[in-house]
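I have placed the structure first, in the form of structure tokens, so that the comments after it can refer back to it.
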Amino acid sequence: MDTLPLQHDGRPGPHLGRRLAALARFCLLKLARTLATLWIVVTFTFVILRLTGDPALSLLPDNAPPDIAAAFRSRWGLDRPVWTQYALYFRNMLDGNLGYSLANGRDAVAVVLERVPATLRLTVSAFALTLAVGLPVGVFAALRHGRMADRALMMLATVKYSLPNFVIGIGLIYAFAIWLRLLPSSGSATAAHLILPVVTLGLSGAAVIARFTRSAALETLGQPYVRAAMAAGETRTQAIVRHVLPNAAVPILTVIGFTIGGLVGGSIIVEQVFAWPGIGRLLVDAVAVRDLAVAQVIVILLAVAMVTANLAIDLAYGLVNPRFWNNDDDIR
Amino acid sequence: MTSAETAAGTAPGTVAANRRRKRSAFRSMPFSVCLGACWMALMFAAAIAAPWLAPYGYAEQQPLLRLKPPALFGYETPFWLGSDHLGRDVLSRVIHAIRLSIVIAVAGTLIGACVGTAVGMLAARLRGWWEEALMMLVDVQASLPFMIFALTIVAFFGNNFWLLVIIVGLAGWERYARLVRGLVVEAETTGYAAALRAVGADSWRIYRHHILRNITGALLVQMTLNFPETIMIETGLSFLGLGVQPPLTSLGLLISESRNYIAIAWWIALAPSIVAAFTTLSVCVVGDWLRDVSDVRLR
Amino acid sequence: MPLVEAQGVTKHFRVGGSAFATISRATVKAVAGADLAVDRGETLAVVGESGCGKSTLGRLLLGLMPPSSGRVMFDGHDLAGLGSPALRRLRARMQLVFQNPLQALDPRMSVGEQIVEPTVIHPAAGNRLPVADLLAQVGLDPALAGRFPHQLSGGQRQRVVIARAMATQPDFIVFDEPVSALDVSVQAQIIRLIRDLQTARGFASVFISHDLRVVRHVADRVAVMYLGRIVEEGPVRAVFAEPLHPYTQALIAAVPRLAPGMRRVRVVLKGEPPNPAAIPSGCPFHPRCPVAEYDCRTHAPARVAAGPARSVACIRVASGSTFLPAA
């Protein structure tokens, strides 16, 4: 570091206008990235669909009436150059016209959409459970750092997050449905049916969140300003609430982003284990019989959902990041 | 070069000191890590010696001895871990499943490390637009659950063994790419690679002699950290019926098959579940510990 | 003909944002029209605050990055005109010593191997001294050859970097802040080593530093940089005894023991520290200059001769109304 004894006045204070401009730029950048991600995913499905052969054969049922097939071909421009096909592919995507299910000849988008509520019920509940368990456990473990409770909880978390979801699911089915006969093992008829899948899915996320919250909290607890606050008479709990959590929010938000990805990926398996009638199970069935129209709709739908969730996390990240409001040099 | 070698030979104490330092880190290995390492060694041994260890063939059916409980729990049957609905020995099937799962995971890990390292090095070497484009792909891959990607490929291309190995290999390639790019960019901008360019070394020499040697440790740690995910992707796909296909067998497939009989024959699920759980857990514990004791920086 | 010559060299960097976000980019003029010449066997010091572009200038002189405009001549070759293989071969004759020796060394290679690496890369260059001799000439025990960089002290590491730079017996070495990362006690030893090597080997060098006391010990001439421009240049003794540019005066006045004969006029700089992304109009120094005139806001002064072997870029010197603190 060069240290010349020149008189430094320091930078001028933050101007609200510049802050807002920086915020707008940040949001635009994130939005552009989101759209680019979607573009890449859609292009990927387009390329891969061409690689498998004639999309008319892949996306239409075998017994499709000739007039529907002809309409499909002209709408997708299958006799036109590949760039036209690419453009039409995007237009059809925006129109929600993505082919027909191989299984029953129905519109693929409609087939998928009727499964969405079940998946939402499962993943949203699991996400709530993830946060409701993960955050308090992490903070609690950090407060008990190094003691029995901390070690036991962290061991449990490691075990939980390293086990495959289907092993846990089957273990829970055996324990609660077959042995104790307390809960139904599969299906979605009642609210009780929700419990096992939500616990299976939610606890893996909770384990990750708990581990991260703990280490983020511990790291902040070691910072001089927190030690100073505690030296000035704050209790550990007060310090956690007033200093640690706000500062640990940034890393924790990042992990929550990962958790959502884990939830979406995990729901595919969990729905299969518990015969839950959501889009994950539909996707597996579609893949098994190579119902490409349905598989493609689900992939794009899940990509949109994930990318939107990531965008929300990114924006929240920008808002809670204190650097954002004090120094615009670091914003990317 | 020869002079350097002789000089290195005259100071053996320093190399030994280096080794001592490493050894003391291994001596302070926590019990859980030790256990995990032993389990992994056991699994690799089982994978290698599967044909000799398994008392029966993995597809060998004995129709008269179906759904027999395990001898290990005191039942009078010829099967240590019981038999399944087709009268196949669960122990033999588990051993062969371990073999296949580990072969796929190892091959997949190597593929992922190679692909990711290549992408990361290219991004770091080319900089500019190429780097942006490559890292964008990395971001896209990282922002989507890999299971969806894997299912898409299976949906479009159907199911076969080598495709499965490649899919498993691609799980986590973006992490290698990020890691390698970060390390190489650092070396190229402020580190030893920049110094070597100033000395006049060409890229081939810098990458071959210096960068590869320097990133190997970090890569090995990253491979250990990724290993559980490769196993989970394979067992997960197999569990969904979209991975390893019968008559071959894998841990996920075994658990999937056992599901229908869980109410009457719990032992079919028990062994593969325990093996799958212990294996991923062991690798996770060992990987975390390796990351903590090694001085490599992982993001 | 000088060994190394920079002719109107400019370097612009684009900073901020990614390649996709061209809106948020700014251009930093790290070096703006620098003219320099280093003769064989001569040492030129480049001094200035951090961010003034002196490290960039050093890298430009070695052809490690192409200039945005202008050209760098090395022994009659235009570095930008050489292809990369030819430039690599030329590297045997010009070397760089880094600020942070730990970063500049491969952590997984023994220092002995690293020191001889330049002679492996350039088989025709140098007299291929054995490792032990290369180590001995920088004052290191040959027994250290088998060690790895992290097992050495900071001073030892910098000696290793210097030994590596000396391996091909170059004609020209750029020392980029070679001692600023070291302890003060070690700094003096490394400075003495550099000075001894200069006398023994007679290579030309550019010594980049922000520490004027160090510069006085090693350099024949000194160039003062401010925001990418060389504002004053001349023999070290003359410049330190009688600085002409107000910025040089401020730098020297800030180091009390540098010029004990000079009457202490505390030249205090005001205003914001320099930001190379937003260079002021006119004379870039005018917002902080204690003696700035109205014209300084609009006219960028060219560097003009001022006394024997000296030059300065200041409107007041050029117009004859020389501002001297010790008048």
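By written order: A, B and C. Residues from 1 in each chain.
One rule holds in what follows: a contact is a pair of C-beta atoms (placed from the backbone, for glycine too) under 8 Å apart; a residue touches a chain by one contact, two chains touch by 3 or more.
Everything numeric here is computed off the predicted structure, so don't read it as measured data.
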| item | value |
| --- | --- |
| Chain pair that, of all pairs, has the most C-beta pairs in contact | A-B |
| Far-end chain from chain A, centres as C-alpha averages | C |
| Between chain B and chain A, distance of the C-alpha-averaged centres to the nearest whole Å | 24 |
| Between chain C and chain A, distance of the C-alpha-averaged centres to the nearest whole Å | 51 |
| Chain B and chain C, separation of their C-alpha mean positions in angstrom | 49 |
| For chain A, residues that touch 2 or more chains besides their own | none |
| Residues of chain C touching at least two other chains | 18, 20 |
| Residue ranges of chain C touching chain B (in the complex, touch as defined) | 18-20, 62, 64, 88-92, 95-96, 98, 100, 103-110, 112-113, 115-118, 120-122, 130-132, 142-148, 151, 161, 164 |
| Contact footprint of chain B on chain A as seen in their complex | 33, 36-37, 40-41, 44-45, 48-49, 51-52, 155, 158-159, 161-167, 170-171, 173-174, 178, 261-262, 264-265, 268-269, 272-273, 283-284, 286-288, 290, 292, 295-296, 299, 302-303, 306-307, 310 |
| Chain B to chain C touching residues, read off their complex | 1, 3-4, 7-12, 14-15, 17-18, 128-129, 131-132, 190-192, 194-202, 205, 210, 213-214 |
| Chain B to chain A touching residues, read off their complex | 32, 136-137, 139-140, 143-148, 151-158, 228, 232, 235-236, 239-242, 252, 255-256, 258-259, 262-263, 266, 269, 273, 276-277, 280-281, 283-285, 288 |
